[in-house]
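Going in written order, the chains are labelled A, B, C and D, and every chain counts its residues from 1.
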Amino acid sequence: MCGVFAVCGTPEAAKTTSVGLHHLQHRGQEAGGIVSFEGEHFYEHREGGLIGRIFNKSVVARLSGTAAIGQVRYSTSGVKHEDVVKQARDAQPMLKKILPFGTVALAHNGNLTNAKTLQLELALTGKVFETQKSDDEMIDTEVALMLIGAAIEPTLVGRLKTVLPLLEGAYAFIVMTSKQMIGVCDPLGIRPLMLGRYKGAWMLASETCAIEGLDAEFVRPIQPGEMIAIEDGKITSHTFSVKQPSRLCIFEHIYFSKPDSTLEGKSVMQTREALGRELAREASIDADIVCAIPDSGNYAALGFSQESGIPFAFGIIRHHYVGRVFIQPPDERDRDISLKHNIVRAAVQGKRVVLVDDSLVRGITAQRIVARLKRAGAREVHLRLSSPPWQHGCYYGIDEANVHRRVAKPYENVAVVCEHVCALTGADSVAYLSVDGMYRAVHGEPRNSTCAQSCDACFTGRFPTPLTDRCGGRIH
Amino acid sequence: MCGVFAVCGTPEAAKTTSVGLHHLQHRGQEAGGIVSFEGEHFYEHREGGLIGRIFNKSVVARLSGTAAIGQVRYSTSGVKHEDVVKQARDAQPMLKKILPFGTVALAHNGNLTNAKTLQLELALTGKVFETQKSDDEMIDTEVALMLIGAAIEPTLVGRLKTVLPLLEGAYAFIVMTSKQMIGVCDPLGIRPLMLGRYKGAWMLASETCAIEGLDAEFVRPIQPGEMIAIEDGKITSHTFSVKQPSRLCIFEHIYFSKPDSTLEGKSVMQTREALGRELAREASIDADIVCAIPDSGNYAALGFSQESGIPFAFGIIRHHYVGRVFIQPPDERDRDISLKHNIVRAAVQGKRVVLVDDSLVRGITAQRIVARLKRAGAREVHLRLSSPPWQHGCYYGIDEANVHRRVAKPYENVAVVCEHVCALTGADSVAYLSVDGMYRAVHGEPRNSTCAQSCDACFTGRFPTPLTDRCGGRIH
Amino acid sequence: MCGVFAVCGTPEAAKTTSVGLHHLQHRGQEAGGIVSFEGEHFYEHREGGLIGRIFNKSVVARLSGTAAIGQVRYSTSGVKHEDVVKQARDAQPMLKKILPFGTVALAHNGNLTNAKTLQLELALTGKVFETQKSDDEMIDTEVALMLIGAAIEPTLVGRLKTVLPLLEGAYAFIVMTSKQMIGVCDPLGIRPLMLGRYKGAWMLASETCAIEGLDAEFVRPIQPGEMIAIEDGKITSHTFSVKQPSRLCIFEHIYFSKPDSTLEGKSVMQTREALGRELAREASIDADIVCAIPDSGNYAALGFSQESGIPFAFGIIRHHYVGRVFIQPPDERDRDISLKHNIVRAAVQGKRVVLVDDSLVRGITAQRIVARLKRAGAREVHLRLSSPPWQHGCYYGIDEANVHRRVAKPYENVAVVCEHVCALTGADSVAYLSVDGMYRAVHGEPRNSTCAQSCDACFTGRFPTPLTDRCGGRIH
Amino acid sequence: MCGVFAVCGTPEAAKTTSVGLHHLQHRGQEAGGIVSFEGEHFYEHREGGLIGRIFNKSVVARLSGTAAIGQVRYSTSGVKHEDVVKQARDAQPMLKKILPFGTVALAHNGNLTNAKTLQLELALTGKVFETQKSDDEMIDTEVALMLIGAAIEPTLVGRLKTVLPLLEGAYAFIVMTSKQMIGVCDPLGIRPLMLGRYKGAWMLASETCAIEGLDAEFVRPIQPGEMIAIEDGKITSHTFSVKQPSRLCIFEHIYFSKPDSTLEGKSVMQTREALGRELAREASIDADIVCAIPDSGNYAALGFSQESGIPFAFGIIRHHYVGRVFIQPPDERDRDISLKHNIVRAAVQGKRVVLVDDSLVRGITAQRIVARLKRAGAREVHLRLSSPPWQHGCYYGIDEANVHRRVAKPYENVAVVCEHVCALTGADSVAYLSVDGMYRAVHGEPRNSTCAQSCDACFTGRFPTPLTDRCGGRIH
């Protein structure tokens, strides 16, 4: 997962972009990059770490210009100092010289499911590639730029209309040249891209929170299969695929997006409360308090409390100063020390606790917290997840390490999954929200089995695009 | 404000101390230091920044030993890179060679109100001082060590019994020599110091959360005027002043301490909920939702909601990746951009909002949030503070910049203060908790005017110790 | 100017390469890079700064493998910290994926005079380029790799035979794949590339000093138009151009190469002494001592002293701790403070000084030293340069800033140049070595006007290759 | 060994000091520090590393003021990054608050031989000390400041007159207060301190090269037992001990001082040439060339060549980019790779070489170079040292590690020492300059056995001061 942001038509484009990316930091903490254009030159800076540290005054001062695009990248743990330079190489936006357009910068959020196949085809015709051992997103980006270079249409919009239909998967692209800013959303709208406006400036961002966090006006989402081109302050809209209903990633509602963002016309925070209320209806339990695994479970927990009438309590405190922590707990094995969450003993002692989180992938955090709740004297702990079992992984931009280590296996039914999670975490009971419950909370109606209203492949295994690189093109 | 931690009798003393200090990080983000002792040598490391970054594997590996003490220091904004070396000089623990004890390390939380007077007296007798332009806490610490050196008793406990009665103010000291670990609490117990135990190891910490965050057992607080000496795994208790009732700083309950700590037998989080309930009783208002300024106002807001029946909502989202942020919003004046808090528009639009925080010093955050709530469509915003006006400042270890910039002036009555805060923040109404309401929530009864149960000088102006350096020794 | 080094067939290839590059550090101080291959993976590290600082133990430990190539790059002054990341991007070796060879790494020393023309042609056929605003050497390298990708021969040697004849200019390439190490020298042998051997390992280096500095055996130079391929420990030699007499850059003898290197069978140091002796014969003068501008002029000064009988003296001391110095002299204008050279007053006071340097480009150093010699009491200062006026610049890899700021203009005769230099430096007399004198010292005979024995374009304006990018292909 | 510098009465005192320290860098490469005073405040900066890197523009800009003092410290090898903070603590100048003078800064070059005894005495009277495990120089400095604090005279000059006679050993102090700058030289003038002048500004420096490197005028050395006080631009001279003949450290002539400095009226470089000439007279040998171990042996080698008529050659090249080098040669044992010196094979092949250095302490460098000369084909190598065997070590500020690892033992006669060095280095013959030869070169006459003209304790074992800390006060 990543986040992208762009602005054009404002005197401090890089500064605005740094704030926009700061608001998208939850979508990627590994590295960040900004490319700006000031009428003649492009300026670039990429670095490992958090936006708030990278783009200090002197760095931003070098990135002059009235247009800029940027990206934040997913965090992998344990990055050591000597890897910073390497990270910077892999960070986006990527810049290439392409005739007749000159420099073309591209920032990408998502994953192409046929990028390696396309790369092989291009390589067989003698193209050379920059990246070795780089991650998928860099290959995607270079393949897209190579295809733009190889296309023959005279305009960039024309070339994109030729190139984009060759790409499979989920993607949001922002492209910047000396003339234009272009925003692209994949044909099914799986990855979000939002249009905003502030006075004469246009913005593109992965989420509305970045636009509203800049006190700008959220205009509308880019539509599935739509390409927006901004030139001389004017917007034109183009389509590059047959019109299809949107299948926005449902995990954006559940986990990815920030609670203060708006998706498909709904407040993410309110959707999460609704997920908690559905969960309370489906999986009620007799208990004394509802606690969230903070902060991800806060909203569903409040919704659960509202629906069930069981009081909400701040029984688990999230440490403020987490981020990249290099300290380590002492080695003795019988301690189970968390550097991230603490229990409020007085709040849970002797209580039956409903413990709510939005989802469960590897189960490590839930396992630790259940153990610590019990040690703090909780009488019972009932784990409630406000989404279905995450059984099928994702090929549209999620860290594969998580896919491989997920608890819920594709072939298991929910009861078996719950049993495993009970055993793993030590919870007294475990329940997941159903697929239809999730749809009711998000869309107000159950899943439409003819044409699902969202991409829900991670829960259902129904992937809405071919997965050419992996399995030769099955469509679900 | 600072935090101190110590452990002795465990094979990984510095590692344990780094985790302990990490749990005390909310008490100081400027710098951290650890001194360890391994039977022959002392090892030391101090650096600017967060504990989780400073004490990485290789730094901790150098700090070998079975005993260690450490400190975290208060954060001042805008520290630049070139100041890191300077900070490191000023960080604690301080080490001195004192005969016949050899190396003596001291970590201090609090403030002596006669340190400058004592320093002058010592200097007049020919003593030379290390620190120039250093902060008060460093002067305190050096003065204390100088007095220990000048005393003539043969034992360190004996010298402390002579020296401590000379000190005025609020302090918690941890002293480490090659033989002993000593913990000291000031005669009124204004600054907290807690004793913990893990198997054969003893711990001292500013708060219980650091002890319990290490899965160790909280034994008891050090008493007012008590000195605990640990030697060869055994504890002895000594007193150095006439017994007086405890007057623990009431702001520890309200703001300083972590919600998962325990103070005077009570859960800090539950006390804060109780403050919110008292506030709801004293300053009720007809409204649609209760929102906290997160995370400081969370618990009082929930208490307010419980008592008033007005639903609690997460209307304001705190950015996770704050810490030291170097980016800056674009310069245009008409935007009021926050890098720290975002509003969930859908949650507040058209609503009458009770906005709860634990206290109000300068009012800047409240001002911004009220403005942004209104812009997001909140119909009314009623600001409720779960403590009385912070009118008198503090001379026991609080950043003086805050004292000077406080909104509430000593000579104003509450109604006038509320008027000013209304004008400043743009809130539709403002109310503070009363002093007696605060005491009811914290102690279960109103303020005892003969002998207040806490130090509440910042609210009442009644300072419980002489303020010799400032005013020649008035006692309230 | 740059330096390249490679080794294969040794267990610590990156370590060996780091030492080899350290010995080539005089050829480039801006940045360094190493790419290693360990049977399956390639590892890379590039960074701004000196080799001795970049390739510390932990960096080298990551670069595992039995084959490695590296490069050092030219120093530009005043690089600030925030540019380090940018430099790392531009540093070599460059890595590309090229089918069917997989990863191909290339390090380059020299300059192609038709790289921009070739880049334009490739771009017109739809190729996209990585580098924007990068320096010439990066464009050269990418163009070469693109051409290799576009060629159709099945082997890399075969492709290079097709591609290299398309390149104009002066170059030494080292190419590494998972199978082969290839060393290439341009058709005229303008840039040097040396072959060395240590037990079973082969080495390639810009100079013999890097080979002998590793106590390895210098085997022979790569010949003009020769390509050496090393595979499975065996060497094969290939040619890619019609055989032509070598025209090695004569400035390698005069200035570029390290005095302990061997070029065209001669010791560089001894050649420089010979240049000094020729100079003494051509431009004798009555004086008391011969001083060098250290360390570049040391050897010619000693030769001048030997031939003239005027005693050699260390009258000017070079500061050891120069490198990147960020301090600045106080601002007052009437001081002419050098941070690099000091005068030994007692050695020069009242003396007539012959001041010898190997060449004079901008004249700044000579100007300062003459002024300081006079201030220290030197009676006369006679500047003697052991090469002809550097009038025509260079298009084969020399920093263009120097070309533009050179004192000697192409249209001036030597007498006029000497007059200008006298006026600029304040020397009492100035003399340059003649072109034929230079050839006598280097080759034992005057310049062969039919076919010069060296590339001497910077002195004569006779460029031995087309300069397509600049002037559409004039050949001299 | 260290270097000190001070200036007062100039608008850019810290800038001037940074350049002055840069010229003294050969006296200490571990760390540097500057303290400035601008009329009201003192500013300070200390850091590990080279002056040219530490005192960049922004650091110097913070050190405002018209007076400044600074120090450079001895280099120990292999300092890792995490030790930088520790170094900074130990770096000088040291600052203390001392009534009635306020802040007092002190920079020290030398070593007190009774500092630990004095420290113990002070500690026994209840004084506490800052430094634990610090080096001797920091203890010296703190002891001196403590004594100043404990003295009772009303003026600083008065207190120094009381305090300095208590100190034994070799020292040059510079003291700065808000009012005065004071320079002190020990009673025997063992450590040098020079007075300079530039317009209205006064300078103090360990060597004249720092004064002349700033184009200032060298006025005179501070005399043995003299104290210079500068106040309001005026100088007064005071004495604090009975007048004794100077016994300046003779190793300053031989090795410590920079060749462009002047000592006791003589050019250091010319003295070193004279040492080489004496050596040629005493230890002539039939040979083909004279080579120096560069750069330390350069001047004596030239002198040897002048006297013997054997030609001087640059047969060994010193690497420019040494400083702190973190790369390491490959591990195989049969290579003897130097990162510091290279041999010019053509210059030495088949030759009988006289190899000259100024002194020999551990013999490691000589051993490596002899081996490499032989491998490069030198027929014979005759090692000649332009000073006597360094048999007795030094207690006046030399790195003790060197003392312990010296080759020449106190009880050996010269013939035995030469045999050992022959065996160690593999040289064909070894000869040292005699003590009287050394005195002839330095003073124009043999050693005066009644009262030696220099401190020559390292060669003769005759220490001119008590060594109280070590041996209870023997005086030689």
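Worth a mention:
In this text, a contact is a pair of C-beta atoms (placed from the backbone, for glycine too) under 8 Å apart; a residue touches a chain by one contact, two chains touch by 3 or more.
Computed from a predicted structure; not experimentally measured.
Fewest steps needed to get from subunit B to subunit C, stepping only to touching chains, is 2. Chain centres here are C-alpha means, and the one lying farthest from subunit B is C.
Look at where the CA atoms of subunit A average out and do the same for subunit C: the two points lie 49 Å apart. Subunit C and subunit D have centres, each the mean of its CA atoms, that are 37 Å apart. Chain contact topology: the protein chains form a single closed ring, every chain touching exactly two others. Of all possible chain pairs, those that touch are A-B, A-C, B-D, C-D.
The residues of subunit D lying in touch with subunit B in their complex are 41-42, 44-47, 58-59, 62, 82, 84-86, 88-89, 95-99, 103-104, 120, 123-124, 126-133, 145-146, 148-152.
By the touch criterion given at the top, residues 10, 12, 15-16, 18-19, 22-23, 25-26, 29, 50-53, 55-57, 60, 209, 212-215, 258-260, 262, 266-267, 269-270, 295, 298-299, 302, 306, 311-314, 317, 319-331, 335-339, 342-347, 375 of subunit A touch subunit B in their complex.
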